[in-house]
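We call the chains A, B, C and D, going by the order they appear; numbering starts again at 1 in every chain.
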Amino acid sequence: MCRWLAYSGSPIYLEEGVLAPEHSLIDQSLHARQGATATNGDGFGIGWYGKRDVPGVFKDIRPAWNDSNLHALARQIESHLFFAHIRAATGTEIQRTNCHPFQYRNWLFVHNGTVREFDKLRRDLTLAVRPELFTEIKGTTDSEILFYLALTFGMADDVAGGVARMAGFVEDVGRRHGVEHPLQMTLGISDGERLYGVRYSSENRTRTLYYTESIDAIRDIAPTAHKFSSDARAVVSEPLTDLEEVWIPLEESSFLTVHDGEVDVAGFAPELP
Amino acid sequence: MCRWLAYSGSPIYLEEGVLAPEHSLIDQSLHARQGATATNGDGFGIGWYGKRDVPGVFKDIRPAWNDSNLHALARQIESHLFFAHIRAATGTEIQRTNCHPFQYRNWLFVHNGTVREFDKLRRDLTLAVRPELFTEIKGTTDSEILFYLALTFGMADDVAGGVARMAGFVEDVGRRHGVEHPLQMTLGISDGERLYGVRYSSENRTRTLYYTESIDAIRDIAPTAHKFSSDARAVVSEPLTDLEEVWIPLEESSFLTVHDGEVDVAGFAPELP
Amino acid sequence: MCRWLAYSGSPIYLEEGVLAPEHSLIDQSLHARQGATATNGDGFGIGWYGKRDVPGVFKDIRPAWNDSNLHALARQIESHLFFAHIRAATGTEIQRTNCHPFQYRNWLFVHNGTVREFDKLRRDLTLAVRPELFTEIKGTTDSEILFYLALTFGMADDVAGGVARMAGFVEDVGRRHGVEHPLQMTLGISDGERLYGVRYSSENRTRTLYYTESIDAIRDIAPTAHKFSSDARAVVSEPLTDLEEVWIPLEESSFLTVHDGEVDVAGFAPELP
Amino acid sequence: MCRWLAYSGSPIYLEEGVLAPEHSLIDQSLHARQGATATNGDGFGIGWYGKRDVPGVFKDIRPAWNDSNLHALARQIESHLFFAHIRAATGTEIQRTNCHPFQYRNWLFVHNGTVREFDKLRRDLTLAVRPELFTEIKGTTDSEILFYLALTFGMADDVAGGVARMAGFVEDVGRRHGVEHPLQMTLGISDGERLYGVRYSSENRTRTLYYTESIDAIRDIAPTAHKFSSDARAVVSEPLTDLEEVWIPLEESSFLTVHDGEVDVAGFAPELP
């Protein structure tokens, strides 16, 4: 299990989301309150869109709470659209290439959850990745394979469709190998313009995902940032503050799109192959 | 706060103490039950005596629970006298040189606790270290300074006396700087022959320390090791098993010596300068 | 390109091979004299057989020359059969799982060389790994794939045959993708009893590999170890000393077996599928 | 020995100085041409001034040539005044806190060189650091002590004076301990407004330092950056390109100030206590 957050809106320093809030990601790395594991100390990553075509990514295998580089960078880097992720490994190696976000060209991708009995399914899932994308696989996590499968199934042209076909494919491979509930996932995805969130699991009991619909919640995240534009939005594994009314739980089997401050929630269902 | 354990007896693989027990140090790194902090993820270290004059030391800044090297080494290295330590940093940098055990010649030293307001006292404490030892200081922790102060005050010839004079000096420097309760410590020390444990704090409320007096406790730690000699003893920050009767709490202000299976407990009091 | 050494004989401390010689592996990590790259600073690993069924492995991503753990461990660990490897990455990530030796059960495997245009061939080579072995792949190097291909093709029962079929398969996949000289390798392999060395490349211009046939060379490696039995042998990427007469170059397309001090050299040719 | 570069001028991406040039710092980390050591693989650091009061600092212990984070960050971070440093350790531990630049409030400091027989001088030099600054010392290098000594001796109000008194103090302590030529240094210093360079050694044979006086050199460093203002200047351990005419060697015993594109060179001499 892991924890992640995403921000979309006027540029803010990453520290506003990552270090400052009451239940910041740093705080969650030591004692998450809603996750399957309390400690998320198996590495972290941030991914952010700036002025360049390709987003920046910074990952390390230390716990987020004790990394001096993360603290220094979060105070310097401003972004209008970014992800932060803390990892609790579920069996795969602790190495940078297994930390989120995963990046391919202009795409960023974070995952909280698991592909159950991944050891059994890994080979079939990996082989389904398109050959041009296969060489981009740098780590050994289920999460990275989900990313490249979604790209294989057309995510670059149709995010909801690509993710639905990826989920359907995993369900199918899982069942063929006798895995009852193969997929558990909350996803955060971006192409640099839109921010997408997905909440889905085979067993219909998915890890939590919350979003904000108004500036008020963001002001709580970053109380010192008065300049916030009214289009600022956040998507998070668990609320960053105790103000319950601003954090809206995303329903099971939902697909969320954030663009220019507009939040759209649609249903999500796997497309079987 | 940190957690540590020490073993003295017939040679066993380090895994018997570090990986195998019910509440192994690995388990404690994720959720200690009696420590001031639940997560001890800021590095770890093992130190062991083998056939050579100088003990081996292996330290890293990863959490102990996810270090593949620690697991592999603990399965290969056998020792009759060893320490393992997991760190929860209290303000100083996460770096190998700040991990325990500290080693100087044939000496090993681990510490759980803190020098309160170390920032205030650091300079005076550091300057008191004997010049020939000063150049051995490699990190920036209070713990390492306690080690070199104890050596400065004669620990190599008289362990109890050196530690008492070190503690007295810290009390004195602390009070001169207006720090009410400067010292909080459980210590594990060895010269390669004897194993020493110390429990002391200025406020007389020291972190726990337990020891075993018979082979039964050790058999619980390492149930598969039938070959254990009857002189095997352990000293630990918190019990490794739920069998309460075998883990004897060391009293406040005590000094413990283990040699050839014999356990001696004496009173401990700082010697003021 | 990388550098490696292997030792077989009476137990010695790893430092005798890794740290002590004139042109030790540490020295080669800073300035190799015969390699394709002078600096081999992209991680290192040691693998050794002790008393347990499974060999010990210790790897890290730091340069070997500055790792305090490696120095401390090499002074403590004794072994009758061990490998040491320093890495110069050729395009794949610097992470522990990409460091050699690779280990599977009682097997250890080191590689110096490359699969040319591995990006092109990676998918076909990976897919040929037997499903039960596929889940053991932890990194992303060509070397690790060669190891699991050799196991797939029967190395566990017939080392020379498994490696020959692996090499033939790589040649075949390479040619089908239009890669002129796909394979360049010196290999070190052991099951814990015998030590094997292979020198082969598609273009018949393989990186150097040397071995010793008598105790004299080993005495040069470890001049202080008078106790050396007469069956001590070494296999190395480049000589550890300037005494040219004791380091015998292994011929192109050769397969070397060391057992109980006996050295057997046979021809080696890929078996095409 | 180490290598470093500094840039002052219109904001550029750090990659223009760190990754892109013909003899970039990355290239120098593998094979420096003018340094005392060819390989500078014992960690690196970048420090840059952005919009905030305190500069950003990013350091790691990996070789610069293989750090994916450094590459990603150098492509995202823009700055009008920055340092980059690659380290070749001369006896002190490989840890982040020993990497340059050192930072205190708005100050950044890099050093190439050494305090000779630092083990002998370390205690006296360390004790001379003002108590309020003493607690800021995080590592164990001679370089960091030079930084805090210069601050102790008034660098914050008078850079040339503070550095001269620091150098004089080191000379004095060195001679009292019988060290013939205690100080060898090129320094890069900034308060966020001005960029300072110093070249000095006791023996009058200091490591090289070069600077540029016109935009032409900078255009060579960053050929794609047509927007460069005419005030862009660089200070480097060794030229980044082969265009010898643009890289002006700083004379022995000199003190360089860069401000708004103006370069001022003055003499430098230690002020003895």
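The rule is simple: a contact is a pair of C-beta atoms (placed from the backbone, for glycine too) under 8 Å apart; a residue touches a chain by one contact, two chains touch by 3 or more.
Since we're looking at a predicted model, the values are computed, not measured.
Enquirer: Would you kindly give the rotation angle relating chain A to chain B, two copies of one sequence, based on a CA superposition and rounded to a multiple of 5 degrees?
Expert: Rounded to the nearest 5 degrees, it is 180.
Enquirer: Counting residue numbers used by both copies over all numbers at the interface, does the chain C-chain D contact come out same (over half shared) or different (under half)?
Expert: same
Enquirer: Which integer distance in Å separates the CA centroid of chain A from that of chain D?
Expert: 39
Enquirer: Hunt down the residues of chain A that sit against at least two other chains at once, touch-wise.
Expert: In chain A, residues 68, 93, 96 touch at least two other chains, as defined above.
Enquirer: Taking chains as nodes and touches as edges, what kind of graph is this: line, ring, star, complete or other?
Expert: complete
Enquirer: Which chain A residues qualify as touching chain C in the complex?
Expert: 93, 95-97, 119, 122-123, 126-127, 131, 134-135, 137-140
Enquirer: Could you please specify the touching residues of chain D with respect to chain C in the complex?
Expert: Touch list, chain D to chain C: 30-31, 38-39, 41-42, 61-63, 65-68, 89, 93-94.
Enquirer: Under the definition above, what is the set of chain B residues touching chain C in their complex?
Expert: Residue positions touching the partner: 48, 50-52, 54, 56-60, 68-69, 72-73, 75-78, 96.
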